[in-house]
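Below you'll find a set of structures to go through.
Both complexes shown next keep subunit A, but they swap its partner, so subunit B is in the first and subunit C is in the second.
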Partner chain A sequence: MAKSNKPIVWGLFAAGGTVTAFVIPALVLLTLLPALGVVPELLAYDNLRAFAGHWLGKLVLFAIIFLSLWHAAHRLRVTLHDFGVRADLLVAIAVYLAAATGSLAAAYYLLRL
Partner chain B sequence: MTGKPYIRDVPRFGWFLRQPRYMRYMAREVTCLFIGAYAVVLLVALQRLAEGRQAYEAFLQALASPVSMVFHLVVLVFALYHTTSWFNVTPKAMPIQAGEDFLPGAIIVGAHYAAWLIVSVALLFLAGVF
Partner chain C sequence: MSQRQIELEVLRYNPETDTEPHFQRYSVLCEDEWVVLDALNHVKATIDPTLSYRWSCHMAVCGSCGMMINGEPKLSCKAFLRDYEGVIRVEPLAHFPIQRDLVTVIDDFVTKLRRVKPYLIPKEEKSIEAGEYLQTPAELKKYKQYTLCINCMLCYAACPEYGLVPKFIGPAAISLAHRYNQDSRDGGREARQQEIAATEGVWECSFVGACSEVCPEHVDPAGALQQVKIKSTIDWYQEHLMPWRNK
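After this line comes the complex of A and B, so read on.
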């Protein structure tokens, strides 16, 4: 049987699409509030630090950032093809590398907390 | 076979401007830029948080700026388009068989919207918004 990495790539894209669909609008509202003069409790330094300091908080934050980046990277790869960019291998390397770098950075910052 | 097969001319650029259906498709695909940009903002938030109180407070100041407000409103529009377009195709992406028939699509889509509402309200409540 021919080996393919498509199920992994697409599975993470689908997982990312689902997670972002559920949480991104509410998160955007949350971080929009400071611009309206209200800082939600969770965004206060001590509270967010405590949240991100707990292993479960780290896991949640990492999952959201990793899946969002992967979802965006994969969809961008397909979308660039639709916009007429035909260098798929180059595009794939660039977008997945960017998503991986961002995810590693997120893990690094979380582990420092 | 004789003669040339008919190949419909599809321009490499701008083909999606031909039909509203294609434009909705592209609008859906382009949401990824805004989801990605917002993920970067979350990443920067983590970086500032790891740097310490002073750096994080400066980040909160930046969130309060008018530029941030415009950015968030634009991201919100695209995020809502992503969410609704994602949920609206769930009956196609994961049809659920119940006995001989398939569960009506409206139930699957409706369940996603209901769960979305609960998740959003819970998230904002736990974050201390209300």
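After this line comes the complex of A and C, so read on.
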């Protein structure tokens, strides 16, 4: 039997899962703090903008956003399959397209900084 | 020793006379420390000799007495009556065709097991005079857990993916392939990958994890499958992006 090409989507999914598990909880906390009016010096607008403005910062942010979106898309695809939705090709196109759109938007806004 | 009146609801099916399976109730006086298998043996010995089911060792080693007990895949020799209240429903393992009563047709699993070559394929053939294939404790530890599989098929009955996609090679067979792939003496990984790195191999697994929850020997098939996925992914990138590494 031929070996599957699933590793392309699964490799990104696994990487996204790792990133999501480690980074997203921290990001949620760091985003909630300013939202609740607590802005430590480190998270001041100028500091964050400078971080996102640097090419390395852009790369890190893009990697986190792209991998997380891809992870969520693949998880959703598998979950729908488990729930009995059998239109896998349609589901795959829809969820990966959503992830791609989000990633492209992230790339666009990062590059404009 | 105290006794308790147990109500068993057992799925019956005789392909010669029945058009479809039905439940039959048995009320039996059981000892408190009995397991479900003891209760079935008691039924067969005293009430209904036609009741059919597989069992052999009565000590969670042979792997033949797997059944759905109150909807959960269990070895009936390990399912203590004291852990259940009310009527205990006993059915054949899910996802397998019924041969008769609690006996299932297991050909699908046996064929899949053969396909993954679950035996040692020596890296280098040695003559008997050349001595044993030596292995360090650390090398043994890498695969020992996966040798504990007793082929009881509880993981197949628990796996929703196997229920949805019967072509899926499934938890136990892939874990056993992984067992030999992890063995320092073995050189058969490439041959096994042809089966387990295919779409109906490890990639049908969506990591529900039910296989590891029901495994009576704590093999953790779900963990084995995730390791197979990681290794197969590394393989894929090496084969497609590093062509100079291909032979």
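Rule of thumb we're sticking to: the second predicted complex is superposed on the first by the 104 of 113 C-alpha atoms of A that agree within 3 Å, B and C clash if a C-alpha of one lies under 4 Å from a C-alpha of the other, contacts with A are read in each partner's own complex, and residues count from 1 in each chain.
The criterion applied here is as follows: a residue touches a chain if its C-beta (ideal position, glycine included) is under 8 Å from a C-beta of that chain, and two chains touch if they have at least 3 such contacts.
The structure displayed is predicted, hence computed values, not measured ones.
Visitor: A:Ala50 in the overlay: touching subunit B, subunit C, both, or neither? Say first, second, both or neither.
Guide: neither
Visitor: Using the touch definition from the top, say if A:Gly11 reaches subunit B (first), subunit C (second), both or neither.
Guide: Only subunit C; A:Gly11 stays clear of subunit B.
Visitor: Touching A:Val78 in the superposition: subunit B (first), subunit C (second), both, neither?
Guide: Both partners, subunit B and subunit C.
Visitor: Look at A:Gly102 in the shared chain and tell me whether it touches subunit B only, subunit C only, both, or neither; answer first, second, both or neither.
Guide: Once the two structures are laid over each other on A, A:Gly102 reaches subunit B alone.
Visitor: Check the contacts made with subunit A and report whether subunit B or subunit C touches more of its residues.
Guide: Answer, by number of touched residues of subunit A: B.
Visitor: Once chain A of both complexes is superposed, is A:Lys3 in touch with subunit B (first), subunit C (second), both, or neither?
Guide: second
Visitor: Quick check on the superposed pair: does A:Val28 touch subunit B, subunit C, both, or neither? Answer first, second, both or neither.
Guide: After superposition on chain A, A:Val28 lies in contact with subunit B alone.
Visitor: I'd like to know which partner A:Leu59 touches here: subunit B for first, subunit C for second, both or neither.
Guide: After superposition on chain A, A:Leu59 lies in contact with neither partner.
Visitor: Would you sort A:Leu90 into first (subunit B), second (subunit C), both or neither based on which partner it touches?
Guide: Neither partner.
Visitor: Which subunit A residues contact subunit B in one complex and subunit C in the other?
Guide: 14, 78, 82, 84
Visitor: Tell me, which parts of subunit A touch subunit C in their complex?
Guide: Subunit A residues touching subunit C: 1-8, 10-11, 14, 78, 81-82, 84.
Visitor: Residues of subunit B touching subunit A in their complex?
Guide: 12-13, 16, 26, 29-33, 35-36, 38-43, 45-47, 49-50, 53, 56-57, 60, 63-66, 68-69, 72-73, 75-76, 79-80, 82-83, 86-87, 93, 112, 115-116, 119-120, 123-124, 126-129
Visitor: Show which residues of subunit C lie in contact with subunit A when the two form their complex.
Guide: 160-161, 164, 193-195, 197-201, 203, 206, 208, 229-230, 232-233, 235-237, 239
Visitor: For the complex, give me every residue of subunit A touching subunit B.
Guide: 14, 17-18, 20-37, 39-43, 45, 47-49, 52, 61, 64-65, 68-69, 71-73, 75-76, 78-79, 82-84, 102, 105-106, 109-110, 112-113
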